[in-house]
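Following this line, the structures themselves.
Each of the next two complexes has chain A plus one more chain, namely chain B in the first and chain C in the second.
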Partner chain A sequence: MLEYLFNPFLEFEFMRRSLLGCLLLSIGAAPVGVFLMLRKMSLTGDAMAHAILPGAATGFLIAGFSVSAMTIGGLVAGCLIALLSGISARKTSTSEDSSLAAFYLISLSLGVMIISLKGSNVDLLHFLFGSTLALDNAALTLLTSVSLITLISFTLLYRALVLECVDSEFLRSVSKVSPIAHYAFLVLVVLNLVSGFQALGTLMSVGLMILPGAISRFWVRQLEPMIALACLLAFAACVIGLLASYYIRLPTSPTIILSLGFAYLFSVVFGRNKGLLTQKTSFN
Partner chain B sequence: MLKFNNLTLGYENLAAVYQLNASIESGEFIALVGPNGGGKSTLLKAIMGEVLPSEGSINLSVSARKGIAYLPQLSKIDRSFPMSVEQLVSSGLWRQVGLFKGIGCCHKTRIHEVLFEVGMSGFANRMLDTLSGGQFQRVLFARMLLQNAQLLLLDEPFAGVDEKTTDDLLLVLKKCHERDTTIIAVMHDLDLVREHFPSTMLLSNKLIAKGASRDVLRQENLTITRQSNPPIRYESLCKPQRVTDYA
Partner chain C sequence: MNKRISHKLCLIFISLIFSTLTYGSDKLRVVATFSVLGDLVTQIGANQIELSTLVGPNGDAHVFQPSPFDTEKVAKADIIVINGLEFEGWIERILESSGFNGKLVVASSGIKAISLKGNHQEQEEHEKHEEHEEHGEYDPHAWHSVPNAQVYVENIRAALVQEDPDRTNFFNEQANNYLKKLEALEQDIRITLKNIPKGKRKVITSHDAFGYLAHEYDLQFYAPQGVSTESEASAAEVASIIKQIRKDNIKAVFMENVSDSRLIRQIARETGAEIGRQLYSDALSASDEPAATYINMMRHNINTLTDALK
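And now, the complex of A and B:
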């Protein structure tokens, strides 16, 4: 039994690379996802994932499948959309969510347009669903850097991020770090999405960010164990996706997200912390 | 302690507070009373430096905000956040520990002392989402006490809180007042103000009256307040600028 689990990774270098990439992605994206969920910004994460597409596509047009060009493009597009939607919401009567929705839809269609005009359908599929089994050195370097930046930022800003979620007015009354924490967090979201789309694609990378946090909230009550469990769940789903793609030729990134999706549905029903069945029990 | 000089605070071209001239002495225990939209919360934010004056200035004798503790409205806080009572109260140590310093034994002892003061001993490890509204307000008071501030700003501290908790927390405030702490609380319950607050500032965008609570909360003043129609449209609102003076 164990050999079925380990052999693909022992035998093939591309599987080991994918496993390492998934581990790095899980360490970076899952904690960001937990905070997105706690700040009630899960859909913002989804919108940002779509928003980075035209930037990455422009990078692709200029330099082909160059990780650095696509990363810089994605980062610029993500930050630009966050900034423009923020300005639009503050300067007009549009609310923050509808403003972000409008900008990400423009951005997404622009991205698909750029790729379709200059690339092939295969290129478009690579952008939307990634290529987990073909992570090169540049992609792994990017994933390592983003994971490190995320961990360091969380270490430095953890207290501020927590207090910003619970009671931002209080944080503003005792410190000027509140806006720094807010914008640093948004940059972390964009960074992790950009690094995630190399492996999972723009549409799927946000799943690895949001779903582990949403699942872990059903099982643990404290924040730190919630973050740890989210990382574990993200990595476990990646392993399942990689093995399913190796043995039964299922597409990797949808399998990863679907396994998390099933875990989420299971948690909604059986979750120890306010799952449907446990809530029912507590009323009896 | 605190002086408002011709202070105007506004959002866009509406003045929430208009040409306010008043002062609050050190050690004063004062209620800020007025209609919704009358500028009470905006005034508290201006004292903290969050809202900048459009005109006039605030002179504050506490050095650069360090001596101010702020108690926000209950509704502004996410009580579903996965955090224990002890963790939330410990955020009151921010000015001592900042982003990086650890919370040591003496800090923990102090946390347990303030929890005892507000009647929440034994709740340190409880999660926030298991607390009632009154218990949660006690926890916020504990955090405020931990800040050990000279000036307490409270925004509707007794809204949605039962009578017993209100009495207990008023007692906590009175003890702070005895230690010469200045207390400014936004209040809506006039009976509570008459009974427990020595002085009151009645604000309906403009200052209606300030002084001893029994004098300020007279019928004629309350009638003027009811007849006023906040907020004031203020055509020549200047660009906000930092003129809060921390002497």
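And now, the complex of A and C:
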């Protein structure tokens, strides 16, 4: 039984690389997703994933499938959109979410425009779906540095981030860290999306970020265990996805996100912490 | 007085416009769906037709999204030349939405199509991942065999002659010259390949587009993706290719001009196989690259393959 679990990874280097990539991605993206959920910003993750498209597309058109060019492009575009929407929301009377929606839509259409104008529609699909099975050294380096940066920033900003989740008004009134924490957090979101889309593509990397946090909320209440569980779930889903792709020929990235999706549905019904069934019993 | 002059000028101007218009529409307006067909049509029609090609050099016709500009070209065309065999999955939509009512030429009609399912003499791995393809029943990349290209040329010639009988002689002469060139190409390919023993003619490419080349010239191709560039390769497919390379001691791995090369590089790194120069499959190259015409593409591909297999 165990050999079925290990053999693919022992035999093939590309499987080991994918596994390592997924592990790195899970460590970075899942905690970010937990905080996104706690701050009721889960859809922000999705919006940002669309917002990085024009930057990544520009990078791609200039340098081809170059990890660094696409990463830099995506980062610039993502941060720009986060900043612009943040500023315009604070300076005008528009709410944060409608402002972000407007800006990400502008960004997304710009991305599609850039790709279409160049006339090369070849790679849009590779772009959207990524290639989990072809992580080269550059991609792995990127994934490693992003998860390191994420971990370090979290240790530094942990208290501020937690306070921001609990009572952002209070944090703003007692400390000047609030805007720093907010923007640093948005940068982390963008960073993890950019690195995730090397492996899973722009569409699927959001799933690995949001779903593990959403699932673990159904099982644990405290923050630290929740983050740990989210990381674990994300990584487990990646292993399932890779093995399913190896043994039953399913495409990798949708399988990863779908298995997380099933875990989420299961948790909605059976979750210990306010799942559908447990809620009923608590009423009696 | 002044008014009269301006009236006359106007008339002259209008008649000028009209004469250029009628002169312009004297030539057949032909639309070819992708660069390979575009080249074949050019070889026959030369400057006696007005050709536009929808998917240009290095573009992927599998995932092409027609723009309104393309639809307009189709709407105005007298002839549209398509490959057929469900290569252009989007063609139905564009024909319908443009209201095209000219002549539709299926260049591949009359060739012996290779079935995707019945190809049992190929390796097991091959068959398995062909099962869930979105393409039709047949492999559409028929132009990779020179005899098929000759059929394409005949079909295009017949259509041009039928639609523009006044230029019959011109089209016939062009087509005959070109067919002779193709015949010479065919001879060269066979001579070049003679030097390579049959057991060594094994190659890995990033997208399974060379079924006809393999069939016509006794080569074996393995690919981690299916026939279409749209599908994402599964780990099982990549693993089976790697096993195959190790088992059969395959020396060369090739990239094409329309595929994600990262996967191929990963396979090469893992097996130690050498990465060959670029092969051209579904599109010609830009004019400053080595495969700007059909004949150059075939020569380039065969030379690249034989160099790596020697």
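Quick note on the criterion: the second predicted complex is superposed on the first by the 269 of 284 C-alpha atoms of A that agree within 3 Å, B and C clash if a C-alpha of one lies under 4 Å from a C-alpha of the other, contacts with A are read in each partner's own complex, and residues count from 1 in each chain.
The rule is simple: a contact is a pair of C-beta atoms (placed from the backbone, for glycine too) under 8 Å apart; a residue touches a chain by one contact, two chains touch by 3 or more.
Nothing here was measured: the structure is a model prediction, and the numbers come from that model.
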item: Touching partner for A:177 - first (chain B), second (chain C), both, neither; value: first
item: First, second, both or neither for A:1, with chain B first and chain C second; value: neither
item: Partner chain(s) touched by A:246 [first = chain B, second = chain C, both, neither]; value: second
item: First (chain B), second (chain C), both or neither touched by A:221; value: first
item: Contacts of A:12 with chain B and chain C, given as first, second, both or neither; value: second
item: Which of chain B and chain C A:166 touches, first, second, both or neither; value: first
item: Greater chain A contact set [chain C / chain B]; value: C
item: Contact footprint of chain B on chain A as seen in their complex; value: 38, 156-157, 159-160, 162-163, 165-167, 169-175, 177, 217, 220-223, 226
item: Residues of chain A defined as touching chain C within the complex; value: 8, 11-15, 17-18, 65, 116, 119-126, 129, 131, 133-136, 242, 245-253
item: Chain B residues within the chain A interface of the complex; value: 48, 50, 65, 68-70, 72, 76-78, 81-84, 88, 91, 94-95, 98-100, 127-128, 143, 147
item: Partner chain A, residues of chain C touching it in the complex; value: 56, 58-60, 63-65, 67, 128-129, 229-239, 242, 258, 260-263, 265-267, 269-270
